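Both complexes below contain subunit A, partnered by subunit B and then by subunit C.
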Partner chain A sequence: MDNSFISRGIRRCSTPKFLAWLAPWAVLLGLGVFAIGLCLIKGLNQTNMDNRFAFGLWIFLDLTVIALGAGAFFTGFLLYILRREELRAVINSAVVIGFICYSGAVLILAVDVGQPLRAWFTFWHPNVHSMLTEVTFCITCYLGILAIEYAPIVLKNRQLRDVPSFLLFEHQLHKVMPLFAAVGTFLSFFHQGSLGGLYGVLQGRPFAFRDGFAIWPSTFFLFILSAIATGPAFVLLTTWMVSKISGKQLVRHSVFALLAQISGWLLIAYVGLKSLDTLVWLNVTAPRSGVSAIRFYGWQPFASWMLVVEIVVLGLLPALIFLSPSRRRSTPWLITASLLACGGVAVNRFVMTIQTLAVPTLRFEPFMLYFPSWQEIAAFVFVIAYGVILYSLSFRYLTLFPQERELQQQ
Partner chain B sequence: MFPGIYDFHWDAGHIIFLGIFYTVLVIVVSTIAIAMRRAILDFRGERAEALRWHADFEDLPDRWRRCRHELTGEVASRVCPNAFDCRHCTEHPKFVAARTPSTLAATHGAVVAGFAVPADRLYHRGHTWVRQDDYGVLTIGLDDFGAHLLGTPDEIRLPRIGSHVVTNGTGWRAKKNGVAVRILAPIDGEVVDVGGPDKGWYLKVRPDNPPDTRHLLTVTEAKLWMLRELERLQTSVATEGVGAALADGGLPVENLSEAIPADRRDAVMGMMFLNA
Partner chain C sequence: MATEQKPKSRFGMVIDLDRCNGCGACAAACAVENNVPPAHPTATDRTGLTWMRVYRADNRRPFPDNRSVYFPVSCQHCGNHTPCMAVCPQNAVDINPETGVVSQIPVRCLGCRYCMAACPFHARYFNWFDPKWPHEMENALNPDVSVRMRGVVEKCNFCHSRWQAAVARAAANGNHDIDPADYVPACVEACPEKAMTFGNLDDPKSEVARQSKAPIVFRLLARLNTDPKVYYRSDRDWVRRLGDTDVAQGESEVSRG
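Presenting the complex of A and B:
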């Protein structure tokens, strides 16, 4: 039925089968729309957040998807700036994933601010000394860049490229893509960093507060490094998942191996610096603030095992797998390591967001418990469903993996 | 955000932060504007067809972009870097100069694997041919391989008389069994007449300048290329996991596309007519 929209030489499932795949996601999307509507109409009392626990599920997952979405800018940087041509095989998919991650995050933030009609205040009256202002500006600009990077992929659709003006604009956009990749790298570098920085400057929260360099706490650099380390792993993971679901080989294994190698080296650097940062915090920063850092790990369920899991199991272990040439030849090992690495960045963002707010700072404060309301969960399920639907449509009608056709015909 | 707006101060923080922001904004907006302007200029210059071919060619797998001199054995292995346009190739003249009188000497036509390859015309890699007619008019048609593959088209969209076709741009469009293909024009020129499958030719064009046909295959090259094309077709319709099977020696059927499995027809037709 829709074959004339599908790239030539690419096999896709039948239209009814595709619609059946989309149906449950559409239901979840509808549920999310309802929950978001409740939050927008009735206010943030629909959530379980309060003035004490102002960052909840939404911020934790926003930070996670933004870190995982770093695969878009970092792959673009490696391809267009460092000329790693092998990554052309996954750049389109990385851009679509990045666009989904960032647009989803911005959408949830619009609900999270409570009064989205006043969201423009942050642009019109910016507090230029706030890390959050930098994040707001950079994420908004970068979402625009991602939309521009997405445009030529859409314009290359089989039917759209028949329109001469679209074809010509796509061609010209393609020519200036290295510039957008550079601007995207610049913006991403700063907002990934500032997302970490905004925890690191919380002097009233010794669990998160860190020393640093110039105006930037160490978390600024660690967030950048963790994002660019896990971004390629997430591209690898999503490519493998799409390949399994569609039953098609989409890229050559050498592309997986390259992504794994890049991720591995960056992850090992991150683990080293994160360990050093933790030691400095335990022995210098926290004691200087008059608190014993180890006390923070006395609160169940966030005991010291979290630190071990985050750094060793979800950091060092995947890095070693990625860096082992024999393991890199094995797809199951690469997928295991990618899952661990992506889980690692999620745990890190969880620790920085939820654990920071949960553990008491003053002796008379209680340990805070928070569990998201169904509206919070449904709103985020909306983002997942939106992502799956947009990616599915892109995968069906656009060329996300240029090697697919050749691999299919071999 | 701007001077004069509440909370704006002329201090280092505002100047650096907003300065960087506006710089990024200017770069993004001006780059988009430049890209749009160039696209408009390309549109006015009617460069869409040429660009389309280059974009399509880029998307073709390497094994479909083999150099014509590989077909003739003049080079062991070479991927064409010039979108099958030997007029802009620096290597092509060297290969031609290196030919001895005995190399590629045959000038007579033949039937190759059941496909006629007449000697009175030149061949384009998109399965069209060009023949010089009287009064400087060139006739363009589908070669025998292309004609067998397409069979009797269900629908044909020929260009208007008076319009221009460009080399590797769309010559005409055809539809067969629901599969639409663009047949690539082998040469530049103004369309002076249109025919169709019943007449054995599709277009008559008057070249703007003396035609440069260096990118077209001679009959000797075409014979070798036809065998390669047959191999390409056989491989693409072979049962998965089996690969190309030896031909049974019979003659090709008239409507070859109908013999191609329906789910692969679109891909195979695109592959043979060089449509990405």
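Presenting the complex of A and C:
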């Protein structure tokens, strides 16, 4: 039915089968729209956030997907700036995933603030000393860049290519793509860092506050490093998932191995610096505020096991797997390590957002827990459903994996 | 951002915890003065609004040695790297250069709640619900204070409208400076135990400045170095220790007010 839109030489499932795949995601999308509508119309009392848990599930997951979406800018940086041509095999997919992650996060942020119609105030009355101002500026600009990077992928569609002006525009966009990749890299380094800085600068929260360099706390640098370490792992993971679901080989194993190697080296650097940062925090930063930081871990259920899991199980272990040449030859090992690495970045973002707020600062305030409401969960399910649908449409009608046709012919 | 600018005066208060009996008159007077709406039927103690929260803490000793204390906690009006002001992305928090009082600008607030995460005193409150007063109770609202809408953050501002009224009265009398006795926040005025003393901390002749220098006076979380302008006073060592930073589990705390 829609064969004329599918790229030549590429096989896709039948239209009914494709619609059947989309149907459950559309239902989840509808549920999410309902939950988001409730939050916008009735207010944030529909969530389980409160005056202590001013941030909840949404901020935690926003930070996580933005870190995972770093695969887009970092792959672009490696391909266009450092000329790692092997990564051309996944760049289109990485851009689509990055666009989904960032647009989804921005959408949820718009629901998460109490007065979304005032979002433009940040541009009109900016507090240039606030990390959140920097995050807002950079994410908005970078989403624009991702849209520009997405455009030539869309314009390459079999039908759209027949429009001469589209073809010309796509050609021109390709010529300036390294420039956009460079600007995207610059913006992304800053907002990934500023997202870490959001918490590291909180002088009033000894659990989150960190020493640093110049105006940037150590979390600024650690967030950048953890994002660029897990971004390639997430690209690897999603490529593998799409390959399994579609039943097609999309890239050569050597691409997986390269992504894993890049992720491995960055992850091992991250684990080293994160361990050093934790030691400085435990022994210098927190005691200076009159807090023996190790006692933070006396609060259940976030005991010291969290720290060990985050650094060793979800950091060091996947790094060692990625760096082992024999393990890199095995797809199951690569997928396991990718899952661990992505889980590690999620746990790190959870600790910085949720655990920071759970730990009391006043001695007569208790330790508190929070569980998200169904509206909060459904709103985030909306983002996942939106991502799956947009990615599915892109995979069906656009060329996300240039090696696919060649691999199919072999 | 004017965090580092030194204000012309520094208004603050000293709260005598040995006098406070936890009656909550300060919290009630604050709510009436500042048009803080009654709690929504589904609000909890974690989603309600109260610019002045009275905590109860005890010394964790068994009867008959058990002793308790009430801690009235409002915004502490930090003067050094004011945590909430430093993080607000759209300058919706400011420090009055005349008084040093930290204020919230609700009509500019985005409702991102970053300031609440930054505040170590848990003294900022979000309007989770639409403000609503019982029938005809709107007639009792203070006309000098704007009501706040759903989706913004609010907090104590040392009854800013009373300061504005004092400034207007001083100007009407041809004076440049206000009469200190003319500017007293509602909580201080309402306290039946006279446990609160308010005034200019930089005025060496003021009672509040004199009291703030007493050796038994302390500030909450002083080691976080935010320079709060609310001081607490107690003769009891264990009470003074409660103001310190260390959050050792199970020590000296507490039920919530």
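Definition applied: the second predicted complex is superposed on the first by the 410 of 410 C-alpha atoms of A that agree within 3 Å, B and C clash if a C-alpha of one lies under 4 Å from a C-alpha of the other, contacts with A are read in each partner's own complex, and residues count from 1 in each chain.
The working rule: a residue touches a chain if its C-beta (ideal position, glycine included) is under 8 Å from a C-beta of that chain, and two chains touch if they have at least 3 such contacts.
What you see is a predicted model; the values in this text were computed from it and never measured.
Because the two structures share subunit A, they can be overlaid on it, and in that overlay subunit B and subunit C fit beside each other without clashing. In the superposed model, A:Gln115 lies in contact with subunit C only, and not with subunit B. Of the two partner chains, subunit C is the only one that A:Pro206 touches; subunit B does not reach it. Within the superposed three-chain model, A:Leu173 lies in touch with subunit B and out of touch with subunit C [touch as defined at top]. The angle formed at subunit A by the C-alpha centres of subunit B and subunit C is 150 degrees to the nearest 10. Within the superposed three-chain model, A:Arg295 lies in touch with subunit C and out of touch with subunit B [touch as defined at top].
Touched residues of subunit A, counted separately for subunit B and subunit C, are more numerous for C.
When the two structures are aligned on the shared chain, A:Phe55 is found in touch with subunit C, with no touch to subunit B. Contacts of A:Leu132 after superposition: subunit C is touched, whereas subunit B is not reached. Of the two partner chains placed by superposition, only subunit B is touched by A:Leu187; subunit C is not. Of all Cα pairs linking subunit B with subunit C in the superposition, the shortest spans 7 Å. Common to the subunit B and subunit C interfaces on subunit A are residues 124-129, 133. On subunit A, the positions that touch subunit B within their shared complex are 3-4, 8-11, 123-129, 133-134, 137, 141, 144-145, 148, 156, 161, 164-165, 167-169, 171-173, 175-176, 179-180, 183, 186-187, 399, 402, 405-406, 409.
Per the touch definition, subunit A reaches subunit C in the complex via residues 43-45, 49-55, 112-115, 118-119, 121-122, 124-133, 136, 198, 201-206, 288-292, 295-296, 298-299, 356-357, 359-368.
Against subunit A, in their complex, subunit B makes its touches with residues 1, 5-7, 13-14, 16-18, 21, 24-25, 27-28, 31-32, 34-36, 38-39, 42-43, 47-49, 51-52, 55, 59, 61, 178, 180, 236, 263, 266-267, 270-271, 275-276.
Looking at the complex, you find that subunit C touches subunit A at residues 1, 3, 40, 42-44, 46-48, 55-57, 71, 73, 81, 83, 86-92, 108-114, 116-122, 124-130, 149-153, 220-221, 223-226, 242-249, 251-254, 256.
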